[in-house]
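Residue numbering begins at 1 within each chain, and the chains themselves are lettered A, B and C in the order written.
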Amino acid sequence: MTPSISVQPGSVRATRMPRRWWTFALVAPLLLFLLASFIVPVLMMLSRAVTDHELADSWPKSAAALSRWDGEGLPDDALARTVAAEMLATRQAGTLNRVANRLNYDVVGSRTLLYLTADRMAAGAPGNSLADLVRIDPRWANRTYWSAMRHAAGPLTSYYLLASLDRRIDADGNIAAVSREQAVFVDIFLRTFKISLVVALLCTMLGYPVAYLLASLPERRANPLLILVLLPFWTSALVRTTAWVVLLQTNGVVNGLLEQAGLIDAPLQLIYNRLGVYIAMTHVLLPFFILPLYGVMKGIEPSAMRAASSLGATPLTAFLKVYLPQTMPGVAAGAIIVFTLALGYYITPALVGGGADQMISGSIAFYTNQSLNWGMAAALSLLLLIPLLLMVFAGRTMARTVPA
Amino acid sequence: MASAPQPLVEFRGVEKRYGGGTRPAVAGLDLTVAKGEFLTLLGPSGSGKTTTLMMLAGFETPTAGDIMLDGRSLAKQPPHKRNMGVVFQNYALFPHMSVSQNLAFPLSVRGMRTQDIAARVDEALALVRLDGLGHRRLDALSGGQRQRVALARALIFEPDLVLMDEPLGALDRQLREKLQAEIKRIQRALGLTIVYVTHDQSEALTLSDRIVVFADGAVQQIGSPQSIYEHPANAFVAGFVGENNGLAGTVTARDGDVCEVRLDGGEAIRATAIGNIAPGARVVTTIRPEHVGMDNGIDSYCNRLDARVDELVYHGDHSRIRATLPGGATLTICAPRGRGIEPAEALPIGWCADRCFAFPADDWVEDPLGDAQ
Amino acid sequence: MKRWARMVATLGLTATTIALSSCGSDAPTRPLTIVGWGGSSQDAHRNAYWTSFTKTTGIKLREDTWHGGVGVIRTKVIGGDSSWDIVQVETEDLILGCEEGLFQPLDWAALGGRGAFVPSAVHECGVGAMLWSYLIGYDGDRIKGPGPQSWADFWDVKRFPGKRGMRKTPKYSLEFALLADGVPPAQVYPTLRTASGVDRAFRKLDALKPNIVWWSSISQVPDLIGSGEVAMSVTSPGRLIVANQTEKRNFKVSWHGNIYAVDYWVILSNSPRKAEANELLRYMTRPENQMRLPTFIPTGLTSVEAGKRIDPRYKRDTPSDPANMTDALALDGDFWVEYGDQLTQRFNAWVAR
């Protein structure tokens, strides 16, 4: 008996291996497609968060010279001459904007300084020494601009990631907090997580009874209700938001009803603040919580609850000890889906929120579309991605500890 | 049977109708369960046996009548206060708990102390022969092992009554027979009162002290396995419990319990009349395969016919002969050991009138379980 | 290493194939594609130009819409997607996109020379499509009698109680704050280029902050004003005037201290239909064609000749009407290209406090 037992699994594995390769070959086109159309572009985009190539590409000689410079005091005339020459050359070639915009991210005003200096040199002003540059614009005597250039020489940079955390490298090379007026991203990140967390909790509290109701009804009656749950999916964000505005505004339906019922004397501020964001986002994301939970609840044998009560458990105990734990994978899945989707929201908060309700994706969209600062967009995305991956990992771990 | 022990459960005129249904799922049920008894509710699916069990467990409410436990009405008792152990068809174990946690559940909801629970769990595991598997997760158990866990969980809190709803339905035949023996052993050892639901008549015959045969929501017969098998009360029970041959015919004469029947193929036989049948009535006469004799064994039988062998069906431990009567009706006969049987061979067969029952024909069900078996 | 090299090569090939198939197939078959901002302005362009253009020249047009942001165009051009030909862009998008080489430099001689247009409508890469402005809008049914006449009035919540709608961007908000604080229009941008000027603008915004309802889409404005959620709002006049005509509202606007800006037509540098695109630009900038635009939407015209010949009925609703220009301020796109990131960051931090 023993030999046959030890041989069998081996032979089974041997026959299974080629089959596994077959299945891999079948999904290979999809994997390649995902790789080429999604993973590679995403990685390329994210790499902009830590790479710095604008200055090195446009001003190769200056970049080399800047990397050699120790960053102490002001640069020597040779470095100033190299920078001036390439500045003029790229101005005439129409590519100065790349360096100018990059430096402007770090030190606002660099853009004007570069264009002004280049135009003056094009008009005949000499640019052979640091003193020449300072004569064109006294700002060249300020070490801040030269330090920024040195940091931008690449190929790797910590600038974007630091800026995403409201930090920067000052002229002396130390990491320092940005001024209070400019410190915004840490707050927005924390706010984004808080809003997402609250929305996930609200969805859990509101969605659990709904999913339970749906799962306990016979299919014939559950299906129409399911359609009601799915309705937000099928309405455009704008229509949905407009509906919330009509309901929640100062002279809106909800305030009108509350006033008529005598519950309030003056209208409540229900929209254009955090409350409006919570209401609207919970509404939109509720189906993402209900559906996975509904699926899990449908898979729970109704006899388990009967068994629990036959074993002496009161309905409450049976629910808490038998039903609830079995639905936890669904709750976790739904809450994680809602949380992660909520992290990426910005249109709804923009439309129904107030000034203090902007979420991080709004900033990412701004840098991607408006200001073309893709380094910042990538750095913010990268920071947003890290907790997302943690959530997915946590979700997997949780799914493993609780059997489906 | 000894003198009737004290009844533990009593159904009094219990009826169950589901919303809108005109036909009751269970109607006019009067039934007692004695303490220490193994009572089986047997019947095809939809016959009302599971509904009856669920009413007893408290998961269904009777629409009329009352159920008493120890002389007290259960009407106001929710399931969790009835103290009945239920083993469900699909086990209904708690998948998020280990074996031990499943077993500990009824004890912990009763507020038992942790160390006492552990001792009881070990005891219960030993009872169902799962020693040392307490830490296992359920998906690491085989079907039979899960069944044992379900059984142990239903017993561990020493319930007054154990209800089992087709507990072995999902297992293969060999395992089923093994577990049947196991259940019987435990029942005897602990003196349990068990109400057991099954559609498997052989299981019912093997396990039960008494059997209640259900069909169409009504009780057809209550009795010991032997009386159910040997003296079926009607054609349904005759056809449902055990293998039986049914031969259609018309009563030509009746003399007390004995009547003469002309089979549709023309043969005349004598049978024991069951119920109110008079000459001219359409009947089904039943004769079990093992009660059909052949060759010299039939000399003393009043019914003697010349059949022709169609085929011999081999069952391993025994064989059956499929044979045709002169009039064309077919029947199954137990083949005696050591006698060679050839197809197309002429076979003199016969049976005795008190083994052969004539029932009103409309109760007869040719294939009571459809494809279930 | 070899295996990796082969894998990279395979990946490259796949990516190239996908890229080629996505950019190559569309170009020869699709019609000339023009991209506007949707809504009433796109309707107006269609009615004023596009239908008749197709009728006269036989060149078929396909429309698309977008909501601005030169990043969208950068992604298309870098990604090899040449599905758009002509796009209506805002000033900063024009500046950034032109510097990046995303737009085709225009042949001004073919368009009738730079002198045929108002100066702000002329750029190396774009020609002015329409001139529009941001100003104060309010509901004449709710504010009876004389309405707000200046940004100082907009800030004056005692005289005009109620909330104020403002666009949730530093752009426009900072300028209006300085105007409200008494800075003359010509000094607004020079002031904003100094740190103390920015502080001054934020201080002025601080005063109004408790009363501000921020909006992020101009389409919210008619509802905000019409429902009384805000007493007055920063708005562009077009939607309010259109609502007056179509919904019989009584919205009013105050042109004092308005900031006007020009939207431009640009031709994308990767357009496969540059000749047809140029033909459409010529058609849309001809005075006799441009004159039709104000009959569909209250907008300023960029052709000098068209501005002179415009029907007086429509004239007083257009930003380019001299009466509306007296104390107006032209949006400084260069300023926002340079200071946009920094001020947006500061604005977002401020607005959240």
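Here is the rule we use: contacts are C-beta pairs under 8 Å (C-beta built on N, C-alpha and C of every residue); 3 or more make two chains touch, one makes a residue touch a chain.
None of the values given here were measured: they were computed from a predicted structure.
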| item | value |
| --- | --- |
| Centroid-based (C-alpha) most distant chain relative to chain C | B |
| Chain occupying the middle, per Cα centroid | A |
| Of A-B and A-C, pair with higher C-beta contact tally | A-C |
| Averaged-CA centre spacing for the pair chain C and chain B, given as whole angstrom | 84 |
| Averaged-CA centre spacing for the pair chain C and chain A, given as whole angstrom | 28 |
| Intercentroid distance (Cα basis), chain B paired with chain A, Å | 64 |
| Shared-contact residues (touching 2 or more other chains) in chain A | none |
| Of chain A, residues touching chain B in the complex | 301, 303-304, 306-315, 317-318, 321-322, 325-326, 328, 402-403 |
| Residues of chain B defined as touching chain A within the complex | 57-59, 78-86, 88-90, 92-96, 105-106, 109-110, 137-139, 153-154, 157, 163 |
| Parts of chain C lying in touch with chain A, wherever the complex brings them together | 10-11, 14-15, 18, 68-72, 74, 92, 96, 99-101, 168, 202, 209, 212-214, 216-217, 219-220, 223, 227-229, 337-342, 344-346, 348-353 |
| Of all residues in chain A, those that touch chain C in their complex | 32-33, 35-37, 40, 94, 97, 101, 104-105, 108-109, 111-112, 180-184, 187-188, 191, 238, 242, 245, 249-252, 272, 350-351, 354-356, 358, 363, 365-374, 376 |
